[in-house]
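Following are the structures in question.
Shared between the two complexes below is chain A, which has chain B as its partner in the first and chain C in the second.
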Partner chain A sequence: MNQTSTIASSYSPPFRIVSKYFIAAIISFVLLNLSLLLNHSDIVGHHFNPKILGITHIATLGWITMIIFGALFQLIPVVLEVKLFSEKLAEVQFWIYTVGAIGLIYCFWYFNTGKYMNISAILLNLAMFIFSFNIIMTFIRVKKWNITGLYLGAAIFYLIVTAVAGLLLAINLGSPFIKIDHLQYLNLHAHTAFIGWVSMVVMGVTFKLIPMFTLSHGYKLKFAIWAFIFINIGLLGINTIFHYQETNFLYYIFTPMISVGICLFLIQVYIIFKNRVRKKLDTGLRFSAYAYLMLVLTTILGTFIAFIDYQNIINLTLIYGYMIIFGFFSMLIVGQMYKIVPFLVWYHKYSGKVGIEKVPMLKEMFSEKIAQYGFYIMIIALFGSLFSLTFRNEFGLIASFSLMLLSSLIFSFNMTTIFRK
Partner chain B sequence: MVNKAEILEILKGVIDPEIGINIVDLGLVYEIESTEESNKITMTLTTPGCPMHNSITGWVENIITQFEPDKKTIVNLVWEPRWTPDRMSPEAKQELAQRNY
Partner chain C sequence: MITEDIRILKMVTEYPSTLEVLNKFSPLFKNQAKAEINNSIARRINVKQAAEIAGVDLTLLLNELNESINEESNPPKKNNIKESKKMQNQKPEKLKKINAEKFLQLDVRPIIDSGKDPFLEIMSAVKSLKEDEVFHLINSFEPIPLYSVLEGRGFHHWTEKDGNTFNVFFFRDSEPSDLPENFTTKEKITEKDFDNVIELDVRELAPPEPMMKVLENISRIDENTLMVVHHHRDPVLLYPKLEERGYSAMTNKITDDYYKVVIMMKRKE
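Now for the complex of A and B:
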């Protein structure tokens, strides 16, 4: 028996930093659903519409990226067994990012292109560069690399690409200078954000958290490695060829590579779930499992869209975007938050009391029953919205968006309960 | 002075808050060395880099010290041999397979 480690010191950053990001994200999720409901009449037709651009950025900047920042500040030190480079930078970044995000969303909403939109985009870029610097400096200290670290490294790269592309697009709206068609460049920005930044984080973290929560053992991660190779070659390829008109035929090679990569990731997830010891899934894991199933549908739709003239089917981009943001990312985030937040609060409030006084179990930190209702409501809302978007049914949209709002309120109620525990 | 079997029994009071099963039935306790001066618990966790790391080892330390306040409690956390589900007691295995959380 080799003694390879003694009791290590805590790597986690202060709770106030992580919780700030989480609270901002939860508020954004409710606001996102409220804006969808109040502006349901705008959620039809072509996706290039000020309200849709505003709402999409509430989702991507306020909800998804804010939660990823918070989660990574917590998870990177734990997963890679290293202390965060600077807690101060994580704090400063929050305020710069929040001002930038509010500014950009406001500018999209009222289609105020020019100075203020550019300043907001610059602030967002600054915040993302601070984040990347902080994480890269943390990575430098890592002694034991693993597959999660590899995925997270790629995610940071794509975050910067997404941010810079976003800034160029913002400037281009006020004073056009990009040679490529704006919508095509927007497509590139969105896919680098979703597949490069968000999915790389989600995938990397999946390989660490899902086995931990399900007690999955005895499998290899070879599909995870191949998924990484395929997705990255595909995405880097697309990012390059879009800039050179004569290489556009390569699009039909790189796009399927991304789809194959996502399929390999899904096979790896299936293997992890199949090898789990905890057979029954709690609410957090049920949300997550359904999110992966939604990724199957999203990938099929995304691959289909890549080979047709989707601009002519004007609702298709909206349906695809909705599936990515709500079907995959939101379901997964909600599920993982039901696992991470109770643990974080428990860790900060009760871990020092273990063995001294009675402390609650993690499942006692919130009402599992209410969370289950939230799950069913979210599933109904998801399919209801997709159906209503497809058939442009206004009543269906109002009903579905109301249910999604209700589900987000249940989620925020449960999160508040945990925070106040 | 408590013997090894009694220490093992005491350690059943340490429950993994995420899984809800004690560390002995989970098969996390590898070895107990009890001397006049100290109790040394060699144990592992289900996953290296587990966020419960400090909580569980701290809990082990606290609970043993409560029973033997005059002795030093040493928690020796190791990753070799790696934990596998085969180390769980049959009761723990059954509980995890059936329970709804």
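Now for the complex of A and C:
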């Protein structure tokens, strides 16, 4: 039994800050799709291309990481039953981060290396360090640790690795100093970002949110623990060996470990879904379920790329990156936002009035029907893009990117409706 | 200064050093300290009752407690403390006459060992008791606070110690009692006032419906009523809302997906 009345009010999350991050992320998502459509002719060939680097950073910094920051400020107090260390820092971080992200994306776009790129990277690093400091200080107060906390802790570590590696890469573009191949170091940066930072957060949060929304229980989390062990050993290994030149043998040990870890995670997700009490999946959960299916495909492709000499298939990494960003992360984020944001706004505006006056139901917060259209359009756009990228079909690319833009507009329309409710 | 009627939880929270003294006095407290002062039990009992439960001298305990917080102790005069006789040696006539199937037995030791509060289980067992039945409670220590709670409901008790096990029998008696009034504590025990229990099962509902259901029903809680919510998770977002409206909550984790939340009006202290 815990005495909750004394600490109760401190759980209330900072809605103002969380919504700021979410709104910035949703705007980024629309911009991301718009710039993809407008620059579709650049989305071919090798991934080391200024426009692609710019677009990738709109996706990772603007869309994915922005939403993770907001979501974590919201979720950590709920999941770990602890108050956020500083709401002020979360606010300050937002502005430093936004300036840094816009600066970096601008510099990539016009390939303006040197001073301004370095300053942007430093600002981003500063924001990441503020975030990490804030979260670590929050973690220190946690009394009840759980598997989600473990994943989040690892995610913070990889965020810092990603940020520092990103800074070094930025400086290296202006004045080369890295001894090993720039692209190999870029590979480290990208995989630490996607598997270490984003996936660790996504996985950890999955173990809390999916059971919460599907009312799943009566299962064990042992696969979650093994997934954690495998992915981390693999990732730490990759992070180490990428600092050296001849890495083939160890690379073939660590990469499969990551794949195995992701498979274990997927098995755990499957078990959670199987044990759910609510059998019917609403739109938010359907987006999420398909996102996990896309992760299956992405993992297969990623493992494949690791073992073949993919330099010959020049846009395979593009397809891979597109699958990660749109197939897995975007679908998952959209799905989870359809669950979290209505609840968040409802909690903020209406929970104080329940039982006193009439309040809207959760499903009255937005139109489920429009959201469903958004889902089907996104699925079509996703496979259309992958098809068009593979066969370099320009018309297909325009059509698919247009549909993806439409889907993102539907999503942002629904989110706006909820926020204004 | 620590006095005999300060509650254990409050004392330990305000003066962490007192925990050590408690540990020294009785292994019973040691267990309590482990589970964060075994939460609920510690909240309900005061130093005097704790001393009685553990069978230690109250004056001595108070002295040590006060020493540990570096305050001049004002030792209560020895002759003010009644040496209370805890055990009835004589088995009441009524218990001898009753046959075995009339005994309702509840062993709360596993509940205590897992760091939880058996209070609700005990009360629901008592509630289900028929007029002529006897409630047989098995515990690892003498549940002194419970005596006065159940006395308020017309129960007499008889306690028998068997090694480390206490067998406590609660029974109703229509005839005038031949038992001395041993344990009338001036300390008001909150739970004894609750006559009604509203139960809500929200385990099948997805958020925020559990919260809605609770908030829609809390107006039914009054001074004599508490609400027990069966929940599938620890509803951390609910607590601030309850707080705002003047209610307090205690949550008991039964299993990973089953939590019992007890909601009552905030105590006026």
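Operating definition for what follows: the second predicted complex is superposed on the first by the 408 of 421 C-alpha atoms of A that agree within 3 Å, B and C clash if a C-alpha of one lies under 4 Å from a C-alpha of the other, contacts with A are read in each partner's own complex, and residues count from 1 in each chain.
The rule is simple: contacts are C-beta pairs under 8 Å (C-beta built on N, C-alpha and C of every residue); 3 or more make two chains touch, one makes a residue touch a chain.
Not measured: the values here are computed from a predicted model.
K.L.:
Now for A:81: first (chain B), second (chain C), both, or neither, which partner does it touch?
P.N.:
In the superposition, A:81 touches chain B and chain C alike.
K.L.:
Who touches more of chain A, chain B or chain C?
P.N.:
Of the two chains, more chain A residues are contacted by B.
K.L.:
Is A:279 in contact with chain B, with chain C, with both, or with neither (first, second, both, neither)?
P.N.:
So A:279 only meets chain B here.
K.L.:
Going by the contact rule set out at the top, does A:140 touch chain B (first), chain C (second), both, or neither?
P.N.:
Neither chain B nor chain C is touched by A:140.
K.L.:
Quick one: classify A:363 as touching chain B (first), chain C (second), both or neither.
P.N.:
first
K.L.:
State which residues of chain A lie in both footprints, the one left by chain B and the one left by chain C.
P.N.:
1-5, 8-10, 12, 78, 81, 212-213, 215, 217-218, 277-278, 343, 346-347, 351-352, 354-355, 359, 362
K.L.:
Per the contact definition, I'd like the list of chain A residues that touch chain B in the complex.
P.N.:
Residue list for chain A touching chain B: 1-10, 12, 78-81, 208, 211-213, 215, 217-218, 277-280, 282, 343, 346-347, 351-352, 354-356, 359-363, 368.
K.L.:
List the residues on chain A that touch chain C in their complex, please.
P.N.:
1-5, 8-12, 77-78, 81, 212-215, 217-218, 277-278, 343, 346-347, 351-352, 354-355, 359, 362
K.L.:
Enumerate the contact residues on chain B facing chain A in the complex.
P.N.:
The contact residues of chain B facing chain A are 14-15, 17-20, 30-31, 42, 46-47, 49-63, 66, 75-81, 83-85, 88, 93, 96-101.
K.L.:
Which bits of chain C are touching chain A when the two form their complex?
P.N.:
Result: residues 9, 36, 39-40, 43, 116-117, 203-209, 211-212, 215-219, 232-234, 236-237, 239-244, 248-252, 256-257, 266 of chain C touch chain A.
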